[in-house]
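In what follows, chain A forms one complex with chain B and a second complex with chain C.
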Partner chain A sequence: MRLGYYARLFAVQARASLTTAMQYRADFLVQGLTSLYWLGWNLVPLLVLYDDRATVAGWSFGAALVVMAHFVIVRGILEGAINPSLGAVVEQIRSGAFDYTLLRPADAQFLVSTARFAPWRALDVLGGVGLLIYAFVRLGHAPSPAQLGAGLVLLGAGLAVMYGLWIMIVATAFWVVRMDNLIYLLSSVFDAARWPASVFRGVWKVVFTFVIPLALMTTFPARALLGTVTWQAGIGCLVGALLVSIVARLVWRLALRSYTSASS
Partner chain B sequence: MTIEVAGLSKHFRVHRRPPGLAAAVRSLWRRRYDTVKAVDDVSFTIARGERVGFLGPNGAGKTTTMKVLSGLLHPTAGAVRVEGHQPFRREPDFLRRITLVMGQKQQLLWDLPPSETYALNRAVFGVDPAQARQTIAELTELLGLAGLTDKPTRQLSLGERMKCELAAALLHRPTTLFLDEPTIGLDVAMQVTIRDFIRDYNQRHDATVLLTSHYMDDVVALCPRVIVIDGGRLIHDGDLRALVKTMLPDKLVSFTGGVPAEEVARLGEVVKAEGGRTTVRVPEARLREVVSHVLDRAGADLAVEDPPLEDVMRKLFKDKRAAAPAAPPAEPPP
Partner chain C sequence: MMRAARALPTLIRVGMVEAIAYRAEMVVWLLTTTMPLVMLGLWTSVADEAPFRAWATRDFVAYYLVALVVRNLTSNWVAWQISEEIRTGAVSGRLLRPIHPFLGYLGTHLGAVPLRAIAVAPVIVIMMWTSARGVLVTDAAHLALVAAAIVGAWLLTFGVFLCLGALGFFLDKAMGIIEVYFGVFAIMSGYLIPLALLPGWVRAIARVLPFRSMLGDPVAIAIGRVPDAGDAARLVALQWAWAIGLLALATWLWRTGVRRYEAFGG
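So, the complex of A and B:
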C-alpha cells in the first residue's frame, strides 16, 4: 500500500520533470549536445596519460576505461537525478517555499529527492554504457554473468553512498541556509572518481576511501566487472553503503527538527 | 474545539550584529545571539466553523503562530491541538485536514500549468480521482479558474495565480484553513472574489478559518471574531463589533450639501470635507439627534458608518503599549 503510494508519487513527479524539460526545446537540445561533448572531453586526460605507458598503478588502458565509464554513468545519475532535486531544496529552504513540502502528508526526504529530474542526463548514462562496452571490446573479453551481477550490486551501493553524502550536505542547509558552495566543492571532489582509487597515495588515499568514499562509487563496481574484487571487499562496500544511508537518514531527521523556516 | 492553544510560546535565537563591514568580518567567527520572543504565552480556542481574524502589526507573531498551528514550527512552550492532533508531529491524518496559504510564497510549479500541481497534490494527499474531479469542478466555478489551469504558472497574473494557489491548497478539502495574507497585492475586485470564496467554502464545508490580512476590509467582511496580538502577546480576543464599540464608540456620519457650515460644526467634529461631502464624528448618544437633523436639511443622501478598523487598531495598540511597556516587537529570524 505505502509502496504503491510512493510509486504513484514518483510517477507524478517524474512526469512533471519530463514535461518541464520538454517545454524548453532549445534547452533540451543544448543539454543533449553538452552531454556528448563532455563524454568526449572526459577521455582526453586518459588518452594523454596512456600515450607512452602501458599501465598506471597496475591499471591497463582498458581497465582504466572501465572505471571512467562508471564515472560517466554515476555522474550522469548524479547530475540527472540527485543534483537537480537537492539543489532545488536548498533554494526552497532559503526562500521558505520548503514550508509547502512539509505541509504534504508524505515523507519529506522522498518528496525533495524526487522533486526534479534532468531527463537529458540519460544521454550521459547511455554514453557511459557505450564506453563500458567499448572498454571490454578493447580488453578482448566480456564479464561473466556473476561479475555483471556483482558489478550492478556494487554500482547500486556506490549510488547509495553518493546519495547519502548529498542528503547530508543538503541537511546542513537547514542550519546554515547557504549551501551552494559545499555542493560545488563536493562536485569538484567527485571529479577525482574518474581515476582508479589505487592511483591515489598517502593522505588522498585515506580521504577518498573513508571521508569521501569515491572508491566505493566507481572503482569497486568497475573491479567487480573486471573480476578483481574479493568478496570480503564487496561485503565491505555493502556495509559501508548501508552505514552511510543510515547516518544520512538520521542527519536529515535531526536537521528537519531544527528547521525554523524563513520569515514571510 | 478545532483549535486549542494554551500558553503557547515560540522563541527564536537570532544572530545580531551591528552594521558595518568590520562587524560583519568579526561576526564570521564570533556571533552574538539574542533570544526573541516571537510568541509569548498566547492562549485561545476556536470552534469548528468559526471565521476568526488574526490581527497585529508587522512582526507581532501572527505568521509564527500560524506556522506552529500548521506544524511547521515546534512550540517552545505550551500546548497546541488542532483537529485533535499535536501539529508538530505532522501526522498524515492531521496534514490532510488542514491547509496553510501564504500570500507571499507559492507552491505552484513555476514552469508548468497549475493543473500539474493539482495532479501532484492529488497523488500526495491520496485524493480519490472522482472526488478530485468534483472538487476541481467546484473550485473552477467558484473561483473562475476556467482557462487558467492549463497555462504555465509563470504566464499568469498575480491575481490569477493566487486563485490557482487557493485551489491547490484546497484540493484535499481541508476542514481547517490557515490563511496568511491571501489577498496581498491584489486589486479590490480580486480581493472581493477571494473573500466571497472563503466565506462560501467556510459555509459549504463547515470549515474553520483563521485569517491574517493587512486589508482590514477583508477582516470586517469575513470575521465576526478577531484575535489581536502585539509583540507576541495576546491583547484582545472577541467580537469584532464589540471591540470597535469599546475602542471608538463614535460613529461617522457623512452627507452631501444642504447643511449650513455653522450648523455642521455643532453636529460633531468634522473629520473630512471634500467634494461637497462632509463627514463628522458623532458620539453614539447623539446619533439619533444628528441623523434626524441632517435628514431634515440634506435629504436622503446620508451614511452612518463605524470608524475604520485601522483607526481602531491604532488606538488599541497605543492604549495597550501605554498601559504596559511591552517587549520590543519581535520578528522571526530571516
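So, the complex of A and C:
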C-alpha cells in the first residue's frame, strides 16, 4: 500500500515537471539540437584516437563506442532526473524552504529526489540508444537476450551508484551550505566515464575505482552487453551498488538529524 | 580616464580580498577543470603503447599540464557574473558608478589572479618532476614570449567572456550560449586534444578562429612546438590583435545593450 502511494506520488511529481516543461516548447528544439551537438562532440576524441589505432588497451572502436553510448545515456538520466532535483534541494536548504518539504507526510529523500525533472533530456537518452545501435551494427553482431538483460541490470546498478553518490553530496549541504559546486565537481569527474575504465592506469585508476567508481556506471554495463563480463564481476557490481545505496541512505538520515532550519 | 586609473588599484585590492574570502569555492571551481587530467590519463596510456604521431608520453604530459596551468590562470567567471547581474537587475548599481562597469569587473577578476597562481603552483612543481621537464622551452626569448602569451590569453579570455556576458542584454537565455561556446572552445582551442592531432579540416577552421590563441598557441610555444622565435612572436601578435578586437567588440555590445536595458523589477 505504501508502495502504491509512492508510485502515485511519483506520477504526480513527474506530471508536474512535464507540465512545466510543456510551457517552454521551444526548449525542445534547442535541447534536441544541443543533444545532437554534444553527441558529435563526444565522438571527436574517439575518432582522432581510432584513426591511428585499431585497439586501445584491448578496446576496439566498436566496443569503445558501446561505452560512449552508455555514457551518453547515463549522463542524460543524470541531467534529466537527478541533477535538477538535487540542485533544487540545495537551494531549498539555503533559503529555508526545505522546512515545508520536511512537514509533508512522505519520505523527504523521496520528495527531494523527485522534485524536478528536465524531460527534454530524454532526447540525450534517445541519442545514446541510437549510438548504441550504431555501435553494434559496426561490431557486426547483436547482443543476445541474456546479455541484454545483464546489461540492463548492471545499468540499473550503475545508476543506483550514481544516485547514491549524488545524495551523499546533497546530504553534506546540511552541514556546509554551499555545496552545489561540489555537484559540478562530481559531474566533471563523471566526464571520464566516457572512456573504458581499463584505459586508465596509475593514479587515475585508483581515483576512478575507489573514490568515484566510474567503471560501475558505464564500463561494466557496456561489458555486460558485449558479453565480456564474468558472473563474479557482475555480482560484485550489484553488491557494490547495494552498499553505496545503503550508505547513502544512512548518510542522508544522519544529515537530516543535524538539519537546523535556515529561517530560525 | 585619470579617475579610472586611480580607482583600478583599489578595485583590484577589493577583488583580491573577495577571492580570499571565497577561497574554498574557488578551489572547488579550479578542481572542476579535470578535463585536461582525464585526457592526460587517456593519452599517456595510448602513448605508452607506442608514440602517437610523433607525440610521446612526455609530450602529452607537458601539453596537458601546461594547458591546465594556462587555463586556470587565464579563466574567469565574468560571463556568469554579468548574466546573473542582468537577470537580477543588480547591474543597475554598476551603471550608476562614475567609471565604466568593465573596470569594476576587471578589478574583481585581476584580483583573483594571484590566488589562481598559488593554486596552479603545485601543478608546475609536479611538472618539473616528470618527464615533461625536458620538453619545456628554456631560452630567454621563448620564455618572454610565453609570459606575453599568457597575459594575452588572459585579456583575450576576458574579452570573450565580456562579450558572452553582454549578450545577456539581448537574449534571456545567455547561459545556454555559454554551454555551446564551451563546446566549440574545447575543440577549437586545443583544450580537449592538441590542435596538431586534429583532422586537417578541423585545424583549418581552428586557424581562423580566436580560440587557439586562448590556449593552444600559448601551450604550443611553452612546450617547444614553435621552435622559431619569430613564428612564436607572430602567434603572440595575432593573439593580442584578437584580444584588442574582442575587447572592442565587448565595449560596443555593452553600449548597445545598455541602451536596450530596462532594469528588471526597478
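The rule we apply is simple: the second predicted complex is superposed on the first by the 262 of 264 C-alpha atoms of A that agree within 3 Å, B and C clash if a C-alpha of one lies under 4 Å from a C-alpha of the other, contacts with A are read in each partner's own complex, and residues count from 1 in each chain.
To be clear about the criterion, a residue touches a chain if its C-beta (ideal position, glycine included) is under 8 Å from a C-beta of that chain, and two chains touch if they have at least 3 such contacts.
These figures come from a predicted structure and were not determined experimentally.
Look at A:195: by the touch rule set out above, it reaches chain C but stays clear of chain B. In the superposition on chain A, A:57 makes contact with chain C only, not with chain B.
Of the two partner chains, chain C is the only one touched by A:185; chain B is not. Using the contact criterion defined above for the overlaid structures, shared-chain residue A:37 touches chain C, although it does not reach chain B. Legend: residue contacts after superposition of the two complexes on their common chain; A:105 is shown touching chain B, with no touch to chain C.
Interface residues of chain B, counted against chain A in their complex, comprise 12, 63, 67, 70-74, 90-93, 95-96, 98-100, 102, 104-107, 109, 111-112, 116, 119-121, 123-126, 152, 180-181, 331-334. Only residues 25, 28-29, 31-35, 37-39, 41-42, 44-46, 49, 52-53, 176, 179-180, 183, 186-187, 192-193, 197-199 of chain C touch chain A when the two sit together in their complex. Within the complex formed with chain C, the chain A residues making contact are 30, 34, 37-38, 41, 44-45, 47-49, 51-53, 56-57, 178, 181-182, 184-185, 188-189, 191-192, 195, 199-204. For chain A in complex with chain B, the residues that touch the partner chain are 5, 8-9, 11-13, 15-16, 19-20, 23, 95-97, 99-100, 102-106, 111, 257, 259-264.
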